[in-house]
Amino acid sequence: MCRWMAWMGQSILIDELLFKTQHGIVDQSLHSRMGAEPTNGDGFGLGWYGAGEGPGVYHSVAPAWGDENLRELAAHAESPLFLAHVRAAIGSPIQATNCHPFRRDRWLFVHNGFIADFHLLRRDLMLAVDPTQFAEVVGSTDSEVVFHLALTVGLESDPIGALERTVGLIESVAREHGVTAPVQATFGVSDGECLWAVRYATEGPARSLFASADVETLKRLHPDNPRVQRFTDGDRVIVSEPFADLPGAWQEIPEATAVCVRRGGELEERPFEPRVEAPALKA
Amino acid sequence: MCRWMAWMGQSILIDELLFKTQHGIVDQSLHSRMGAEPTNGDGFGLGWYGAGEGPGVYHSVAPAWGDENLRELAAHAESPLFLAHVRAAIGSPIQATNCHPFRRDRWLFVHNGFIADFHLLRRDLMLAVDPTQFAEVVGSTDSEVVFHLALTVGLESDPIGALERTVGLIESVAREHGVTAPVQATFGVSDGECLWAVRYATEGPARSLFASADVETLKRLHPDNPRVQRFTDGDRVIVSEPFADLPGAWQEIPEATAVCVRRGGELEERPFEPRVEAPALKA
Amino acid sequence: MCRWMAWMGQSILIDELLFKTQHGIVDQSLHSRMGAEPTNGDGFGLGWYGAGEGPGVYHSVAPAWGDENLRELAAHAESPLFLAHVRAAIGSPIQATNCHPFRRDRWLFVHNGFIADFHLLRRDLMLAVDPTQFAEVVGSTDSEVVFHLALTVGLESDPIGALERTVGLIESVAREHGVTAPVQATFGVSDGECLWAVRYATEGPARSLFASADVETLKRLHPDNPRVQRFTDGDRVIVSEPFADLPGAWQEIPEATAVCVRRGGELEERPFEPRVEAPALKA
Amino acid sequence: MCRWMAWMGQSILIDELLFKTQHGIVDQSLHSRMGAEPTNGDGFGLGWYGAGEGPGVYHSVAPAWGDENLRELAAHAESPLFLAHVRAAIGSPIQATNCHPFRRDRWLFVHNGFIADFHLLRRDLMLAVDPTQFAEVVGSTDSEVVFHLALTVGLESDPIGALERTVGLIESVAREHGVTAPVQATFGVSDGECLWAVRYATEGPARSLFASADVETLKRLHPDNPRVQRFTDGDRVIVSEPFADLPGAWQEIPEATAVCVRRGGELEERPFEPRVEAPALKA
């Protein structure tokens, strides 16, 4: 359920990756191969940095494959950093406020996966959201609450640490409610400067997640692919599942791992270790 | 912001009142005369009792005046009891989960008005909702929270009493937050057997609300109106603002008043007296 | 591309067949097994005879599987005769006016298949539509033009004959434009009294089409299926692909065949023989 | 019915004019003052030149005032030339293919007004469209047919002349059908280099149309308006009705007049004289 992708690098027309790749995210809305469901037709979202103040967000409840406005927007907006997400709803309503990316100020957030038995945990988790931000939660997804929890425990100063504390908090609340294996997730986060991604599940295999190889490797592997040859140092793609036309160009992000991509394309990897912190629990 | 109507009486095609009256609710979506705004184009809702289990609910984010599906549904569904609502959003998203009527089991609820500074009160009010029902609040309106508060404090056994306790609770929470004049409301409630309506504002004039005169009076007033001549004893309409083609046929429901319409069309009126009860506050 | 079903028999709640069967039409919107595409998420339509004047029509551009209004309507509308259709768009816009069933007066029409190279033929075919009805063609599908051609050449007095003349006309126009194998179709038609269905392709296998066995056979085959046991003489279902929970209960409608179901459930079968008639060509 | 605006000048964020002006086009969707209807809530369209190939087009069936995606797009897209349009449907369906601007290649077209008794004329007018382009007419508005007629008779080489021939053709066809006063129109056209506008009605006052004064005048009139002070030579706005915060800054475009704005902001005015040309009629 759900697939996402993120681009960081040179400024490109967004449709270059959304529509013009083989098995890009829009194709995955109709024919996902590695996701929990082949069809991700319950909404689309794009968050992009570019002209104007902060990131723009486009949310649609129409399936991505048939959304003409998305096609137009993608073909006429350039961006050096964007995140796109296709949704397969599992119970929660199909509405724009349930579409990713979620945004506050300069921050964008996407999630593939779920909080198990979320209806049992929702009240306690929403109580842990900063009370002054409570009214900002306007949809009904688990993902939006995860984002606001992460903001509450410091996403803006320490993204990965805040997600570790958030997941720790969720696992702790879940334990109290007798919910096992509560967190299944890949996360994508950006502030317009860096791009962070996480792959983690409390139990069992986490949803798939891949990063593109460094640009030199890509070019060597695909000397005849004009799109790849236009890549420059510092271009990096993170995807739920690889584009089909670039075999060998992807490195799987291991389980329980966080990565950070900075300007220049450097990819840092570190373990993702959820933990419960006293202050977080009190919040 | 918002207009609503309710019908209780003989089983009729719904469009008889939605589309075929002069200045019916659909016309009010485009040209409200007595509402806070002339345009109520931010969504429509219809709840109707008839075939099938419990009431059906149709919610649309399209303006009522141009919604072909609504026109079709209304022209092909018969019902002895229905509520319809047109919405003018004031800040909260235009989405189906924010459209009235709200429903639980056999119960329907509509609201015209607002909770002032709802963003300040939302957390405390949601905490007062029965924790086992917390996850059922899936939209972001004040009205949905009001409905769930009323359910928490006994709507299903004592509708008007529960609304009095709910309004009392809201006024009490508002006082703690320094919010004055928090409640502006007309409410409509039904369980399929009876129809309850409330007109109340903490301060100042409440939103307009009218009940149709008894059928004998209607027929005497409008001997040439074929629609009226088809009315039978027991038919009753409650409206935010009167249909234009029935002058003299409406009695204004006074401020701070609740009415109850039972099968047979009898209209009982009583004062609406918000109050804070200890158990309600604990809930 | 596209799947449809039709019910004729006792009056039932529509969701009994749309949602409560295994692999019913709504499930086929997400997981078609015998269609040209597994996903039919580009719009839904329902036409039903029941309360009110003529058939009601519900058209939605949202995928059927996630459409709450459809779920509500189907659960609260009873009908002795209805047609439902899920759409996989092939080029033409996703909009309500492109959703089936198409309607004129008491007549409903659905189509699964396509007119090959329709953009080459559209002008000539629209010129063959009765000029006084030209402005009624408001969408951009081949199917809507087929319906208006059939109306032009006598659908209302001789449905199968009119469809034979329509297909003959299309094949003739196609020949002039050098288009081979122009017609791929199953059609469903009703006037509220009878139900007609056609399976035909100019070349190659036509889209799949099945009729339910007579009720006695159904009951003998499925003694433990409570839905089947509620069937009465005269109940008949026509489907693009069978419901999964009724093995052995379906008879395939042969290629180049038309069937007619009348009140009582009797199924008449005859060859479908497209032909060009001078008057039709002149029209 | 309908309002539109066009910007040509320095590259600006689109929301600067759509949302940040007083009584801009989005406000006119809810509160038009000079239009035939106060509410223009039946769809929105934006066509903008900027990044990517040719103009982008955003069409929405939601009312402009509540469309979050429009707000986002406008706040994050820069353009030196764009046209925006709000629609009040008069009979034709509310669907994206009926939203303006219409586009072919680099050309955009908007229309405020109507072809009287269009249902009587539609067939003859569509027959006059270049047969090879017939299948490109995918909506059901008069405006789309006008655009394709204009393309047929030379819009791309002589925009005003082609519109004169188009209007002449329509008036001629209308006469044959006994339709008087067939054309009520303001038109806006662009190829990304120039901006053309027309104000014309066969009879009676044409819809309102205004051009902004030259930038020097604007600055002198509004020394304290920071938006105006940011204007540079060559900035020009064409609007159905003036923004409210710039009194004295607008010149009404006379009836039966065409204007052309070129890079640099120069505004040329000429009479608009519909005429019938033999070749056009044959087409």
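Just so it is clear, A, B, C and D label the chains in written order, and each chain counts residues from 1 on its own.
Keep this in mind: contacts are C-beta pairs under 8 Å (C-beta built on N, C-alpha and C of every residue); 3 or more make two chains touch, one makes a residue touch a chain.
The model shown is predicted, which means the values in this text are computed figures rather than measured ones.
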item	value
Any chain in contact with chain A as well as chain D	B, C
Result of counting contacting C-beta pairs for B-C and C-D, higher pair	B-C
Chain B and chain C, separation of their C-alpha mean positions in angstrom	40
Multi-partner residues of chain C (at least 2 other chains)	68, 93, 96
Residue ranges of chain B in contact with chain C within the complex	13, 15, 48, 50-53, 55-60, 68-69, 72-73, 75-78, 96
Chain D to chain C touching residues, read off their complex	92-93, 95-97, 118-120, 122-123, 126-127, 131, 134-135, 138-140
Chain C residues touching chain A - in the complex, by the definition given at the top	30, 38-39, 41-42, 61-63, 66, 68, 89, 93-94
